[in-house]
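Each of the next two complexes has chain A plus one other chain: chain B in the first, chain C in the second.
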Partner chain A sequence: MPMINEIDFGTPASKSEKFVTLTIDGNEISVPEGTSIMRASMEAGIEVPKLCATDMMDAFGSCRLCLVEIEGRAGMPASCTTPVAPGMVVSTQTQRLKDVRRGVMELYISDHPLDCLTCAANGDCELQDMAGAVGLRDVRYGYDGENHVKARNDGAINIKWQPKDESNPYFTFDPAKCIVCSRCVRACEEVQGTFALTIEGRGFDSRVSAGMHEDFMSSECVSCGACVQACPTATLIEKSVIEIGQPEHSAVTTCAYCGVGCSFKAEMRGEELVRMVPWKDGQANRGHSCVKGRFAYGYSTHKDRILNPMIREKVTDPWREVTWEEAYAHVASEFRRIQYQYGRESVGGITSSRCTNEETYLVQKLVRAGFGNNNVDTCARVCHSPTGYGLGQAFGTSAGTQNFDSVEHSDVVMVIGANPTDGHPVFGSRLKKRLREGAKLIVLDPRRIDLVRTPHVEASYHLPLKPGTNVAVLTALAHVIVTEGLADEKFIRERCDWSEYEDWAAFVAEPYHSPEAVERYTGVPADLVRGAARLFARGGNGAIYYGLGVTEHSQGSTTVMAIANLAMVTGNIGRPGVGVNPLRGQNNVQGSCDMGSFPHELPGYRHISDDATRETFEKLWGVTLNNEPGLRIPNMLDAAVDGTFKGIYIQGEDILQSDPDTKHVAAGLAAMECVVVHDLFLNETANYAHVFLPGSTFLEKDGTFTNAERRINRVRKVMKPKNGFADWEVTQKLAQAMGLPWNYKHPSEIMDEIAATTPSFASVSYDYLEKMGSVQWPCNEKHPYGSPIMHVDGFVRGKGKFIRTEYVATDEKTGARFPLLLTTGRILSQYNVGAQTRRTDNVAWHEEDRLEIHPHDAENRGIRDADWVRLASRSGETTLRALITDRVAPGVVYTTFHHPNTQANVITTDFSDWATNCPEYKVTAVQVAPSNGPSGWQRDYEEQARQSRRIAGKLEAAE
Partner chain B sequence: MSHDTQAGTPHGTHDKLLRMANQIATFFSSQPEAVRAQGVAGHINRYWEPRMRRQLFEHIDAGGAGLSPLVIEAAKSIKRPEAA
Partner chain C sequence: MNVHLNAADVSTRTRAIVAGCKHLEGPLLPILHEIQHEFGFVSQEAVPVIASELNLSRAEVHGVVTFYHDFRDHPAGRHVLKLCRAEACQSMGGEALAERAKKLLGIDWHQTTMDGAVTLEPVFCLGLCSCAPSAMLDGAVHGRVAASDLDDLIAEARQ
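What follows is the complex of A and B.
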């Protein structure tokens, strides 16, 4: 397997459809108008020397190395900043150019160390390459005199020299090696959009500076890695490369963190991962990354990983390591015993949104064909199940309507209950780029998220609604659009059911839906709602992006319908730049839903009661399928407490930490007789497990993930599983132990089965993905190249359906005992329950969960910043440290849930979405009071967790 | 399991099911009249596992106290699971 070397064309591609023909070094070439001469040359196969140019950002024209000569024009223009013109005749190599380039390189090298042999960039240094390309043989100026290279000049301190900045855990900054090409500064601006870097000083004093002459960690740097990727020298370089050396082969794979699904090159030396570098051809990320995907993969080799299967009779016993065969046999016999004793419906499984499509498919197949029931669910239950339901009702399909590229065509973007710069950072960067180009932004969020005001981006409207009032605000927006005559009636008549629209329009036009009427309980000033509605309806292409702040409510599904209504009433569906875009949390939560992980539907969102669909699978699997829906995760736990649900196989999900109302989850798990946890680590749920099956990471297996834009991306194995088996192999062995005749040799065979049974995947195969890179479902005879945008000529369900969305206040109300509303979210550096990111250096950014509280609420309670506070709801209480900030409104507090000791879900309640049981994480009535330290529950929990992680024969339990 | 009995003990499954049924009814009661009862029944048929529907019927058969009238009306169209 060779290194994947991407061609750097020097400047970005032009999108013009008009072509221009010119001659470069005697070669005639046609390129889109607006293309630079540098890029045109590269396309003709001629590489013009360059240092400050790279195709990830706009031309800059500072290095003076890429000069060319053009017939009929004076001088030597820079090829990066000079666009092509018809009939142009360009020479890239003349004596004059050679002399000038060599002179330029000579100057660069006169202020650069000559330690190439021991330099970490040796073998991957553009400066070295260019010295070679221009034939530099001598530096006539010598290396004495003013320089940035040496700490001392003739024994005296050199004030121009700066030591290496090693503050960032993942990369170093060595100013001595900097050539001030500004690529890092421009990457931070143009690609990432953080503006953390700048060039300070002038002339020979110019240097790169993080923030206001700070070290990287103290600056605004978000450690996305774009500057490191852009740096042509060893100035900014991964610490892993310094430590290991240059990689020798690479494979393209897909990040296993969030639902953006970035493509990376896993660059390897043998089986050692040297670094992850975002792949420019990745359609979701277009060569960009965030701190998690780029750097936070250390968990995959963390010492806490459990590599041998383990069993115990009681959860109070220490674990006992066993062979795989013993573990499989034990699980099979236990599940059979339980089913014999308590009935066929007494066991179930949870598929993982972290695992591949193929693995997820197998787990649901094991439940349906092996257990003989439909008790299978997935973590989408607790995040985007309302999206599936709401969009299914309105449009006929349970997925976002656009690709990520679509945002490049948006004029107005509405972000609802999502925090893209933290939760979906690479999409956040792409969005910010569009906003800097002039698109308008509307934010609906109780908290002032970064996007509301960030360098060169400012929301036109921020609607700081009270948690739980999404439906009221969205219906008020619709009220304004309908009553002010802003509806796109032409679109609605063509695409939607007109009589349903009329019914809905009359409903939203009722005066009690007006912004003025709802202001009282939403807390959003009416003029903001009116302004936002007018902007969205009249501002051109309007796109809605939303997250868990929409779904994780009692009215989550209703809110999704309200969003669909808003998109339809403004005609914003079915073309680039518009649409309804759920930002999915987990890497493969879209895929796990697609693969039939829900208890009521088979792969491809087909209800289990549909005879024809069942027949397809029955024929292939040789079993009779139950036609009744199975239990959802919360229902499984209820049934467990009731004594009718006794065994569960949980692949890659930590329900004890991630699901609401921890005590109820714990009670449910404790009531089961066989809990099988299949995971990388002894997670919190494993405290209640009887069997532990070691899992494998995304680096250790082949498969596919499907991201938030329905894109099916390959995951490629770059090292063998440390535990011995990929997760799909473990599930297969388990199925075999239960007597199922499975015999998949490779995940591609599982995908073939998915394609054979699921119409929206009909054309998908590993061969096809190899050819296409990736495809977005539906991908079949009708859509051979996949579907970047859905509902183009009409809705999947036929006519778009307007649905009345009546606001109903949640039962979770504040009162004298619990006067504040708690809402939850995530932070850039950590991920979900933190099982992975906590086991990386990302803890440098977020070592604990903090409670954000408004200064007024804090002062009323005598709380100072960083004080320990007790956070209590009717479900339970915990303690954490306060962070005083006006990001949250008075009356609202906010926290993240990345650390198990915080136990934020001890606080959340059992209230859930009316349609899907998606828990209401985003609204909990709480009280906050000063505290001395961890609560009794936290101490008990920690002790119990410690006890339950003991492994017989090993001194200290993992973690 | 020692952590299950503090203030705010989770509601029993029975109470939860009633609340869920009422939540569904609340949504559909705002919909056009013609689709209300069918909406509730269809939703429960599609998404409720038989033992959940069985518990719901046990409660309805016992008088249905605390259930929204729309749930009671919809029950005529909810599939009654076989006895356990």
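What follows is the complex of A and C.
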């Protein structure tokens, strides 16, 4: 496997469709109008020397190395800032140019250390390459004058010298090596959109500064890595490269964090991962990354990883390490025993949204074909199940309608219950870029998320609604659109069912849906709702992006339908720049849903009661499938408490920490006789497990992930599994132990089976993915290249369906005992339950969960910033430290759930979405009071967790 | 003005200045001028306030402030004496004049005399090349500055 070397064209591609022909060094070349001479040259295979140019950013023209001569023009223009013109005759190498370039290079090198041999960038340094390219042999100016290189000049302190900034855990900043090309500053501005860097001073004093001459950690830097990637020298460089050295081979793979699904080059030295570098051809991320995908992969080699299978009789026993064979045989015999004793329905499985499509497919196959029931569910139950249901009802497909590129064509973007700059940072950056270009933004969120106001981005409308009133606000928006005549009647008549529309329009037009009428309980001033509705309806291409703030409510499915209604009534479906876009939480939550992880659905969202679909699988698998839907996660836990559900196989999910009402989950697990946890770490759920099967990371297996835009991306194995087997192999061995005749030799064979059985995946194969890079399903005969945008010529279900969305207040209400509303979310540096990110240096940014509380509410309760507070709901109580901020409105408190000792889900209730059982995480009535420290439950829990993690013959595994 | 200010004060007065200039096209430079006029320098406390009010990053404002030599990060003396260091003035004895000024004041470039009376700054061209060497005291330019003229200027400033 060689290194994947990406060509840097120097300036971004022009999107013009008009072509211009010119001659460069005697070669005739045609390029789109607006292309720079530099890029045109590179496309003709002629590399013009450059330092400040890179194709991730606009041309800057500061390094003076890329000068060219153009016939009929005076002087030597910079090729990066000069666009091509018809008939232009360009020379990139003349004696004059060579002399000038060499002179420029001499100036650069006269203020640069000459430690190439011991420099971390040796072998990957553009300055070094350019010195070679221009034939630098001597520096006439010498190295003795003023400089930024030496700490001391002839014994005297050199005030121009600055020490290295090592504050960021992942990269260093060494100003002595800086050539002030501004690439890092521009990357931070143009690519990431954080504007954390600048050039301070002027002339020879110019230097890169993070924030106001701060270190990187204290500045606004979010550690996305764009500046490190942009740096042509070793000034900004990964600490891993300093430590290990340059990589020698690489493979393209897909990030295993959020649902954006960024493509990365895993750059390796042998089996050691040197660094992850975003891949420019990755169609989800277009060469960008965030702190998690770029840097937070250290968990894969963390000492907490369990590498041997373990068994114990009782959960109070210490773990006992066993052989794989023993573990498989034990699980097989236990599950068979339980089914014999308690009936076929007494066992089930949970598929993982972090594992590959192929692994997920196998787990549901094991449940359906091996256990002989449909008791399979996945973590989408607790996040985006309402998306699947709601969009399925309205449009006919259970997924987002666009690709991420679509945002480049949006004019008005509505973000509902999502916090893209933290939860989906790379999409957040792409969105911010579009907003800086002038697109308008509407935010519906109880909390003032960063997007509401962040450098160069400001929402036109922020509707700070009370948690739980999404449906009321969305229906009020529809009310304004319908009653003010803003509906796109032509679109509706062509694409939607007109009589259903009329019924719905009459419903939303009712006066009790008006913004003025709902203001009382939504807390959103009516004029904001009216303004936002008018902007969305009239502002051009309108796109809606939403997250778990929409779905994790008792009316989650209704809210999704209300969003679909809003898109249809404004004609915003079926072309670039519009659409309904769920921002999926986990890397493969879309895929796990696609793969038939729900108890009522076979792969491809086909109902289990559909005879034809069942027959396809029955024939292939040689079994008879149960035509009744099985149990959902909450039902499994209820049944366990009732004593009818006794065994579960959980792959890569930590339900104890992530699912609502922790005490109920714990009771359910405790009531089971065989809990099998298949994971990287002894997670919280494993405290109640009888069998632990070690899992493998995304770096250790082949497979595919499907991201939020339905894009099927390859995951490539770059090292052998530390635990010995990829997860799909473990599931297969388990199935074999249960007597199933499985014999997959490679995940590609599993994908072939998926393609053969699932129409929307019919054309997908590893060979095809190799050729295409990635495809978006549906990918079949009708859509051979996949489907970037859905519902282009008509809705998948035929006519778009308008559905009435009556607001019903949640049963979770505030009162005298619990006067505040708690809502939850995530933060940039941490991911989900934190099992991965807590085991990386990302803890430098977020070492504990904090409770955000408005100054007014804090003052009433005598709470000061950083005080310990007790957070109590009807379900339970926990303690954490307060963070006083006006990001949350009075009456609302907010926390993240990344740390197990916070136990935020002890607080959340078991209310859930009426259609899909998706838990109502986002609304819990609570009370907050000062406290001295951890609650009794937290202390007991910690002790129990410690006890439960003991491994016989080993020191206690440290969490 | 050269008084000690607390952060809250700086913040309130900065906000008021920004509010007055916000409507201008490209308001940052006018704001920085006003701030310097109000406080005598652009304090570190004012930068984040300006950034937040204009919806810029701290880094961006810092970049602009440091680009211009005339924006100070600490208060100057009661008077600022600038001596031209550009080519024309150097060829007309500017170098000697500068040495004289340093000696008379007992300070180097960018420093302020112990009594807080005078800050000495180099400047690169006051546009008075035909009357070199030139100097500027508190905004008033002086051409053909002979040694005795310099002594008078300094004496005036020290009063």
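Observations, loosely collected:
The rule we apply is simple: the second predicted complex is superposed on the first by the 958 of 959 C-alpha atoms of A that agree within 3 Å, B and C clash if a C-alpha of one lies under 4 Å from a C-alpha of the other, contacts with A are read in each partner's own complex, and residues count from 1 in each chain.
Methods note: a contact is a pair of C-beta atoms (placed from the backbone, for glycine too) under 8 Å apart; a residue touches a chain by one contact, two chains touch by 3 or more.
Everything quoted here is computed from the prediction, not taken from an experiment.
Legend: residue contacts after superposition of the two complexes on their common chain; A:661 is shown touching chain B, with no touch to chain C. In the overlay built on the shared chain, the residue A:917 is in contact with chain B alone; chain C does not reach it. In the overlay built on the shared chain, the residue A:198 is in contact with chain C alone; chain B does not reach it. Once chain A of one complex is fitted onto chain A of the other, the partner contacts of A:607 are limited to chain B, with no touch recorded for chain C.
By the document's definition of touching, of the two partners only chain B reaches A:875; chain C does not. Touch criterion met: A:641 reaches chain B, while chain C stays clear of it.
Partner contacting the larger number of chain A residues, of chain B and chain C: B.
Of the two partner chains placed by the overlay, only chain C lies in contact with A:212; chain B stays clear of it.
Chain A uses no single residue to touch chain B in one structure and chain C in the other. Contact residues of chain A toward chain C in the complex are 194-202, 209-213, 219-220, 453-458. Contact residues on chain B toward chain A in their complex (touch as defined above): 1-4, 6-11, 13, 16, 19-20, 23-24, 26-27, 30-32, 43, 45-52, 81. The touching residues of chain A, counted against chain B in their complex, run 345, 374-375, 503, 554, 557-558, 599-600, 607, 609, 628-632, 635, 638-639, 641-642, 644, 661, 663-664, 666-667, 670-671, 803-806, 808, 811, 873-876, 910, 912, 914-917, 937, 940-941, 944. Per the touch definition, chain C reaches chain A in the complex via residues 44, 47-48, 51, 55-63, 66-67, 69.
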